[in-house]
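Once you scroll down, you'll see the structures, which are given as structure tokens.
Consider the two complexes below, in which chain A is the common component and chain B and chain C are the respective partners.
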Partner chain A sequence: MHSRTFILVTIVVAAAVFFVAQLVANNYLFFAGYTVLQFVVLATAWNILGGYCGYVNFGSAAFFAVGAYSSVFLHKAYPLPIPVLILVAGFVAGVIGLGMGYLTLRLRGSFFAIATLALAVVLQTLVTNWDFVGGSRGAYVIRPNSLDVFGHQIPYIEYLFLQMLILAAVAIATARTIERSRLGYGFATIRDDELAAEAAGVPTLRLKLIATTLSGALMGMAGAPFPYYLGFLQPQSAFALEYAVNSIAMPMIGGTSSWIGPLIGALLLGIVQQVATVTISSAVNVLIVGVLLVAFVIIAPNGIVGFVRNLMRRGRS
Partner chain B sequence: MTEPLLRIDRVGKRFGGFVALDGIALDVAPGERLGLIGPNGSGKSTLVNCICGTLRNETGSVTFDGRKMDGLAAHQRTILGLARSFQLPRPFHSLSVADNLRIPLLYAVKARSGSHLSARELDDHCVEYLRLVGLDHKAARLPRDLTQVEMRKLELARAMAAEPKLLIADESMAGLSHSEIGDILKLLMVLNARGITIILIEHIMSAVMSFSQRLAVLVSGRKIADGDPQEVVRNPEVEKAYLG
Partner chain C sequence: MDFPIELLINAIIAGVLLGGFYIAVTVGVSISFGMLDIVNIAHPAFIILGSYIAYIMNSRLGVDPVLVGLLMLPVFYALGAAVYQVYYVSFEKRGQEALRGLAFFFGILFITEVGLILVFGVDYRYAEAPYIGPAIRFAFVDLPYRMLIPCVLSLLLLASLQVFLSRTYVGRAIKAVAQDQQALTLMAANPIAIKRIAFGISIATAALAGAFLVIIQPVEPSVGREYIGRVFAIYVLGGLGSLPGTVIGAMLLGVVESITATFYGPSWAPAVSFGFLLLTLAFRPAGILGR
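Here is the complex of A and B:
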């Protein structure tokens, strides 16, 4: 499918999802849906660097938190509409992604992963000690119950859901476009063999910087509406282990080789976690991820997409 | 005398206390077929890495096509027309055989010419190179489905797809049978006939002797001989280095 056609299909699917959600008219659906879509964005963003380029980022929570805290900062300093906050968060997190990429250019494998983890620790320490955004106490972000859109009052959670739905569509369309482009081929060569990539004329350092910037920006954008979703933000919730673990586990379970893998992984794990939250406890969420991740590493190391592709290949031969 | 395509001027490289290259000087003329031999650990691969930008030489300089290469990254040198194949094939495992060739076309050739190749033109170029190395029937396969000799051919085809002026073939025949070596030699001759200058680094002397117009020998990071292949192999210093 051509990239333009794919973008059109993505818009139509996103509109259909919003329309169907409206028909159900249950606020909890929007609450749960927001979280699932947030993970779709995070997983897709992680996969641009981790799946396409083979650079494992343990610091997803840091980029997410950067987005969330840039919203808190602006909420206090100069309140802006959420779409603008998303763009600002994307810019700030993108710049941090670029900086991280620049500082870790020569690192690979576990060394790169540890460096990203260190970034999360450093940023969390900074935020915890930054009084203006609430420091360790946290900050309240008061939001209205509903919003006036062209004369119609819509619940605020629906508005947030719509923002995240648009963001998920943008993230998926971006990932899919990259995958089929010159950039995507370049990313694949970095993942496969960086030395051979350079020898084939691929500017690997520049491409890595593009990947860290893009991936960081999308993660930051996912975090931007988060303070408005919770109404209160503290470092423990913005930098939660859940974000780092889910961002890695969802693409790994879905499959990292294609845009659809993180989408499948995020939908599957996100929905299971939401069901577990209302039926058992949110405390089991990370446990579910851990168990599923171990199971998939053993049964289907290439994720659901890889597993299905292997079955189809076997079926043909 | 024509200007050399590649000039290696007193290139030196150390790894800690170990001197890998000790002031190597070597000129390669356009269109030449140069054989580069030497025992294991003599510095051949280090020299290739210094020429191609994978390693930085600490002393001396490398000039290619009239331009100083020092400080340029490996991909920039490829864009300028300097391609290599690796001692152990390093295909892009997740890409198909055809897509492996698409990479240098998308990056090196595009950056050099600045022109945009359409999808159709890219396909045509890939097919042309695959046909040349006899891998056109495996275009859609993954590298893991290839045999050892096919993998070597893919390695050469990918280097070729960068449309280089100089190709450095680093032990492209290691581990191959007699007839497979013949295939690779034939391929290298075809490339040379197309105007590509070739440096062949090889341990298989019969192949080196039948291919090379000129032979250079490295021992312990120093060049000990350079000239007509027949004369070089009779050089007492070379005999001593090889036979002890």
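Here is the complex of A and C:
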């Protein structure tokens, strides 16, 4: 499928999802759907660096929180509409991704992974000690109950849901476009054999920096509407390890080789977690994610996508 | 305001004692990451597990935490050997340790933390022993036993590991595996078996480090996360797996953290180690002793 056609299809699917959700018109659906879509964005963003380039980012929560806190900061300093906040958050998180990559990407891959873990704690300490954005006590972000669009009253949660839906569509379209472009092939050479790629003249450092910047920016964008979604933000909830684990587990479980893996993983795990939070408890559902992650990397290293592909290949022969 | 020199000296000495304890925390990673090239980011989770076992035995049966740590050495060794076997079969053999091996250890870290939260909750747990509380006092310098004992025992642990690695047959084989695995195969030694032993030892040190941790401070499941930064900051500062380097890195971090906590408040302390780690990675990736 041509990239342009794919983008069109994505837009049509996103619109269809929104209209079906409108028909059900249950507020809880929008609340739960927002979280699932947020994971779609995080998982897709993680996969641009992790799946395509083979560099593990443990600091997804940090980029997410940077987005969320840039919104809190602007909310206190100079309130702006959410789409603008998303762009600002994307810019800030992208710059942090670039800086982070510049400092560590010349080293072996595992150091980058450890450094991202470190980044999360440094940023959390900074935010906890920064009183303007609430410090350790947290910050309230008062949002209206509904939004006035051409005389229609739209519940605010539907507005947030729509933003996240658009963001998810953008993320998936970006990932898929990269996959089929020169950039994507460059990423693949880094993943398969960085030394050989470097020797063959692939500008590996520049490509890796593009990947960290893009991936970080998308994660930050996913975090931007988060304070408005919760109405209250504190460091523990923005930097929750849950985001880091989920954004690794979802692509790993779905399959890291293409855009569809993180999507499947995020939808599946996201929905399972929503159900488990309601029926069992939220502590158990994060445990489920951890166990699934370990089980999948051991048993099905190529995720659900790889597993299905294997079955199909076997069926043909 | 004149500079509180006594406070500074106390902070430095407390930092040295803390650094001694950090040796026990890091030495396992120096072996697994530095010698075996296994990026075990779950190491702090094993330490916290050790702390909780020491806490249970201490509160239920009244056993001394250090004794529990010693008794747990073989258990943790077996646990480590088992983890390595899974790691080898699932990742190392297939050549997938870079991406999936990291995710595997991250998953273990996470499962341990959430598992402990589910069983024990997020309350702080502490151990009781006669030496927790009293301190020796020289002039204006305080030497609390709860810091002194882990520090001395950590140094002993490091010394015995150093002797083991340089004097015994197995120890030398572990060092050889770190340098050239293929050459070892040609010498008719099995590198996998040796790596299994070495990884077992590295996890066994976590049992002792965990017991020390619960003596030094109250423990809750997510404390492990702070130690990820410390462990790897020390590991990188110390020059990636050299044991003497580990001592220097641990002492340095302990002192800087202690000074920061004394003069700027303990809420800044975690940022110190991570900041150190980032700066070292960026500017001196081979460590302070490195070329």
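Everything below uses one rule, namely that the second predicted complex is superposed on the first by the 317 of 317 C-alpha atoms of A that agree within 3 Å, B and C clash if a C-alpha of one lies under 4 Å from a C-alpha of the other, contacts with A are read in each partner's own complex, and residues count from 1 in each chain.
The rule is simple: a contact is a pair of C-beta atoms (placed from the backbone, for glycine too) under 8 Å apart; a residue touches a chain by one contact, two chains touch by 3 or more.
None of the values given here were measured: they were computed from a predicted structure.
J.: For the overlay on chain A, clash or fit between chain B and chain C?
T.: Chain B and chain C fit side by side in the superposed model.
J.: In the overlaid three-chain picture, which partner chain does A:103 touch, first (chain B) or second (chain C), both, or neither?
T.: In the superposition, A:103 touches chain C alone.
J.: Just chain B (first), just chain C (second), both, or neither: which does A:193 touch?
T.: The first partner, chain B, only.
J.: Answer with first, second, both or neither: which of chain B and chain C does A:117 touch in the superposed model?
T.: Only chain C; A:117 stays clear of chain B.
J.: Look at A:185 in the shared chain and tell me whether it touches chain B only, chain C only, both, or neither; answer first, second, both or neither.
T.: After superposition on chain A, A:185 lies in contact with chain B alone.
J.: Identify the partner contact of A:257: answer first if only chain B is touched, second if only chain C is, both if each is, neither if none is.
T.: first
J.: Of chain B and chain C, which one touches more residues of chain A?
T.: When the residues of chain A touched by each partner are counted, C comes out ahead.
J.: Using the touch definition from the top, say if A:2 reaches chain B (first), chain C (second), both or neither.
T.: Touch partners of A:2: none, neither chain B nor chain C.
J.: For the superposed model, what is the least distance in angstrom between any CA atom of chain B and any CA atom of chain C?
T.: For chain B and chain C in the superposition, the minimum C-alpha gap reads 8 Å.
J.: For chain A, what residues appear in both contact lists, the one with chain B and the one with chain C?
T.: Residues common to the chain A contacts of chain C and of chain B do not exist here, since the sets are disjoint.
J.: Can you list the chain B residues touching chain A in their complex?
T.: Residues of chain B touching chain A: 52-54, 73-76, 78-79, 83-84, 86, 90-95, 99, 102-104, 106-111, 158-159, 162.
J.: For chain C, which residues count as touching chain A in their complex?
T.: Per the stated touch rule, the residues are 33, 39, 41, 86, 90-91, 94, 96, 98-100, 102-104, 106-108, 110-111, 113-115, 117-118, 222, 225-226, 228-229, 232-233, 236, 267-268, 270-271, 274-275, 277-278, 281-282, 285.
J.: Would you mind writing out the residues of chain A in touch with chain B in their complex?
T.: The touching residues are 182, 185-186, 188-189, 191-193, 195-205, 257.
J.: Please name which positions on chain A make contact with chain C in the complex.
T.: Touching chain C from chain A are residues 50, 54, 56, 58, 103-104, 107, 109-111, 113-115, 117-119, 121-122, 124-126, 128-129, 136, 241, 245, 248-249, 252, 256, 283-284, 286-287, 289-291, 293-294, 297-298, 301.
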